[in-house]
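My questions all concern the structure below.
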Amino acid sequence: MTFETNTMTKDPILKVERLSMRFGGLMAINDFSFEAYRGDITALIGPNGAGKTTVFNCITGFYKPTMGMITMKQKAGKEYLLERLPDFEITKHAKVARTFQNIRMFSGLTVLENLLVAQHNKLMQASGYTVLGLLGFPAYRQASREAIEIAKHWLDMASLTDRADDPAGDLPYGAQRRLEIARAMCTGPELLCLDEPAAGLNPRESAALNELLQAIRRDTGTSILLIEHDMSVVMEISDHVVVLEYGQKISDGNPEFVKNDPRVIAAYLGVEDEEVEEVIEQIVEIESEQGGTQP
Amino acid sequence: MEYFIQQLVNGLTLGSIYGMIAIGYTMVYGIIGMINFAHGDIFMLGGFAALIVFLLLTTFMAGVPVVLALLLMMIVGMLTAALWNWTIERVAYRPLRGSFRLAPLITAIGMSIVLSNFIQVTQGPRNKPIPPLVSSVYDLFGITVSLKQIIIVVITAILLSVFWYIVNRTPLGRAQRATEQDSKMAALLGVDVDRTISVTFIMGAALAAVAGTLYLMYYGVVVFTDGFAPGVKAFTAAVLGGIGSLPGAVLGGLLIGLIESLWSAYFTIDYKDVATFSILAIVLIFKPSGILGRPEVEKV
Amino acid sequence: MANVASTTASAGTELTARALREAVFSGLITLGLFVLFVGLETTQNIRNELVLNQRWGLLVIFVVVAMVGRFLMVAYAQPWLAQRKAAKAAAPDVAKEETFFSRNFSKIAIIALVLYPPVIVALLGVQGSLKWVDNFGIQILIYVMLAWGLNIVVGLAGLLDLGYVAFYAVGAYSYALLSSYFGLSFWVLLPVAGLLAACWGVILGFPVLRLRGDYLAIVTLAFGEIIRLVLINWTEVTKGTFGVSGIAKATLFGLKFDATKTGFAAMMGLPMSSAYYKIFLFYLILALALLTAFVTIRLRRMPIGRAWEALREDEIACRSLGINTTTTKLTAFATGAMFGGFAGSFFAVRQGFVSPESFVFLESAVILAIVVLGGMGSLTGIAIAAVVMIGGTEILRELAFLKVVFGPNFTPELYRMLIFGLAMVVVMVWKPRGFVGSREPTAFLRERRAVSGSFTKEGHG
């Protein structure tokens, strides 16, 4: 089985190789490989229960995969094998940040405090692991001011400046989504993983989200990997789409390619058993056609 | 070998009492997710009710048969303890349902303090010894088994069977299990959640009162502070067995009874509680949700 | 018009009927609850046998009080409360003006505490001040400090610790044993006691951090009991239940508070009195408590303090932000334990005697209750709760006039814990979030607005 390969020149930031994850008798992900490229917005899509969130949890260390290798390659060239790191070190050292499908706010902290918690490791160092800060050394005060500046920048980006001193739990849903992304960005990631960022948003909030994501990519060069259900969002903003069904990859390419891939259409619309042969024939046909037209 | 079996018998007796108290903890925890700290004192209250009934019988109806006396002690104890637990739930826990999680824990600790001090104030701080109710002792292949022990184990077995039947085979039990799984959904499907919770407190208290009566019969003495140590151990038993699980509570109770009597017999009686608590800590470190508890899945 | 009047009249009779019904019901419940325990009393006769003493009159009083109380409640108090609530809801929301007092509450409180001993001495004389400085001042401040220490673990980090008294015990015995075996002074041993308690915090904390919620609660309770039982049974070192007595007193830069020529009283040319030592101890515990508050306030504005609060709100989100939750929890445990240790060594030096009796579970429960009743995380609220709960029960010892009402055999002390327990229940039902339910943010852009208690979580680890 071959997939579209127009990405030879691109530099992969994340390489997932032969990833498998088993829960008891259930094979949630089976031999799944893909690459996300630096500076791209990569979308991971698939029907419900395809295993997208499981892939995310493996990448960000919340699950330890049964098999496989996940390599994160930073701009400076340093490589990390994510499946070997505990979850918090993946954010701390490998610079992969994430958001959650059901938003996880620190709802009793203010919006600003949420963004300051995200800068924990940097501030911890600046405060001499609390000791120097407790004694009132100026280095911490300086770092603390800088942290607030960074927070301000992200509040601005997420258009939350007006709500900075409100409890995060008081924000409307769309604003909480943006805050969660801003918070993840405050950890200074090179790869940002977003789990269904557009879920439950109204069209206006959805547009604001798209803008935020585009701005993140434009201004910081952060690569983005996102899980999404909403095809319009995916098609609009992503550069590269990977399709997952029953824990296996069924398509991988640019949005245009994936949209027309009969396997994807079959997976999303559902195909009767007797039609499977037919569909596969069609696929082979298309693949050979593409092999001819594309270099 | 005989010594060992003798200790097993002793441990089993003690464990039965712990198990019966533990059920009250585990049921309340299962249904409203709260550690009912006052439960140990409900057990003590049941013991005191039995004591007072016993004194009433010996004062006004001398010569009443022992079986009838025991039965009356248990029934009055059950009624009194159930009424207390019902009232406490209404007054101290129900107004806080669905609010801050620590608030009912604090009222429960407050109620525990209230109950033990109430008994101290009304009944006096001294030990309350009674003459032995049953004193027959049997010798089975070199092992001494007292009638008291037989009564305790048999009554525990009977009550647990009844209890098992109620929880697993009656509409009331079904309502309880539904409330335990998801109280909001149960309410939407027509289960009277408030009533179900009240019944749970009543059932737990009734079992604790029986345990209290048997405790009084076994040791022949009760004092107002008696709620604490057996209460903590029964709670430990419930956690050890996996809190929320009924068989777990019984298993945990038996295990703690056995650990206590075997440790006292073979090592030193001074450190028996240290042994119990250490084993709890060790088990939880390796199996964080207890022996029969459902592991808590952390959904990301 | 007449129609309306008749409706209200019939509503009135209906209300009275309902109140009567409920009163009878309450009376029956009260009868059932108290018939055995109040109606009858078990006492020993001369031959040391248990006999029953009948007190039916007392039982009748209980039942009547319950019925009348319930009737008044349903017929008058509840409609009045509902009316007031409706009136409040209807009235326009007037922004509460911050008074000078509420703005500077903590400063005023500190000044008042500093002035407390001289004022008491001036009012009641040196000997008369003893009771007020010791039983009220020192006693309350010890609990304030303990509750502030536990607040770091429970209120900030959201870890339910039911065995906090263990660290108090470690601190107390550290001072008691190290000073009696090695003759070290209080000022050397104070930090040592804190460090030892913190070490125990880490040792006990490490294995249990994987546990969540109520499992953590029971294991901390178990550890508290284990430490107490070891203190009881390890008689060679701790002298068991007899306790360690004759613990050295603290000195003020070498100045002793005793009757010798070089003692404080002689140096100052004052008549000898133990009150001076008590006043010294008062300032000592005040300083320790303020240190606890100062460190807590500082820590909250530092990354570690924010991480604690974030941990209380959502542990998984913390991990996703690169926070090592294990070390974060351990530091919370250790910091809380350290203040417990300080308080413990102070306790030992104040009593001059320690025994396992002082470190029972009830103490942990009382400290936890103060933290929750005060409002988790709020230093002011906790201080208020400590004053109300500890001061309130201490004051019961002083109510001699009650003997006039209830007869000469009435001892108010006997009801101390009963009332304490009832107060815990009543306050909690009345204010489930504690006296101060809101949270002060640790940083702000434009204005510092308190976060309402309905947003903060209580942690589950």
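Think of it as A, B and C in the order they're written, each chain with its own count starting at 1.
Definition applied: a contact is a pair of C-beta atoms (placed from the backbone, for glycine too) under 8 Å apart; a residue touches a chain by one contact, two chains touch by 3 or more.
Since the structure is predicted, the reported quantities are computational estimates derived from the model, not experimental observations.
Undergrad: Which chains, taken as a pair, are joined by the highest number of C-beta contacts?
TA: So the pair of chains linked by the most contacts is B-C.
Undergrad: On a CA-centroid basis, which chain has its centre farthest from chain B's?
TA: Relative to chain B, the chain with the farthest C-alpha centre is A.
Undergrad: Report, in whole Å, the distance between the mean C-alpha point of chain A and the mean C-alpha point of chain C.
TA: About 47 Å separates the centre of chain A from that of chain C.
Undergrad: Could you put a whole-Å number on the gap between the CA centroids of chain B and chain C?
TA: Each chain reduced to its C-alpha mean, chain B and chain C end up 29 Å apart.
Undergrad: Starting from the mean Cα coordinates of chain A and chain B, work out the distance between those two points in Å.
TA: 51
Undergrad: On chain B, where are the residues touching two or more other chains?
TA: 300
Undergrad: Going through chain C residue by residue, note those that touch at least 2 other chains and give them in order.
TA: In chain C, 316 touch at least two other chains.
Undergrad: What residues in chain A touch two or more of the other chains?
TA: Those would be 62, 100.
Undergrad: Which residues, counting only chain C, touch chain B once they are in their complex?
TA: 29, 32-33, 36-38, 40-44, 50-52, 154, 160, 207-208, 210-212, 214-215, 217-219, 221-223, 225-226, 229-230, 232-233, 316, 361-362, 365, 368-369, 372-373, 376, 414-415, 417-418, 420-425, 428-429, 432-433, 453, 458, 460
Undergrad: Touching residues of chain A toward chain C in the complex: what are they?
TA: The contact residues of chain A facing chain C are 60, 62, 87-92, 97-100, 104-110, 112-113, 116-121, 123-124, 127, 130, 133-134, 140, 148, 152, 155, 161, 164-170, 183-184, 187.
Undergrad: What part of chain B is in contact with chain C in the complex they form?
TA: Within the complex, chain B contacts chain C at residues 29, 35, 37, 45, 48-49, 51-53, 55-56, 59, 76, 79-80, 83-84, 87, 91-92, 95-96, 99-103, 105-107, 109-114, 117-124, 126, 128-130, 228, 232, 235-236, 239, 243, 270-271, 273-274, 277-278, 280-281, 284-285, 288-290, 296, 298, 300.
Undergrad: Under the touch definition given earlier, write down the residues of chain C that touch chain A in their complex.
TA: 295, 298-299, 302-304, 306-307, 309-310, 312-314, 316-325, 331, 439, 441-449, 451-452, 455-457
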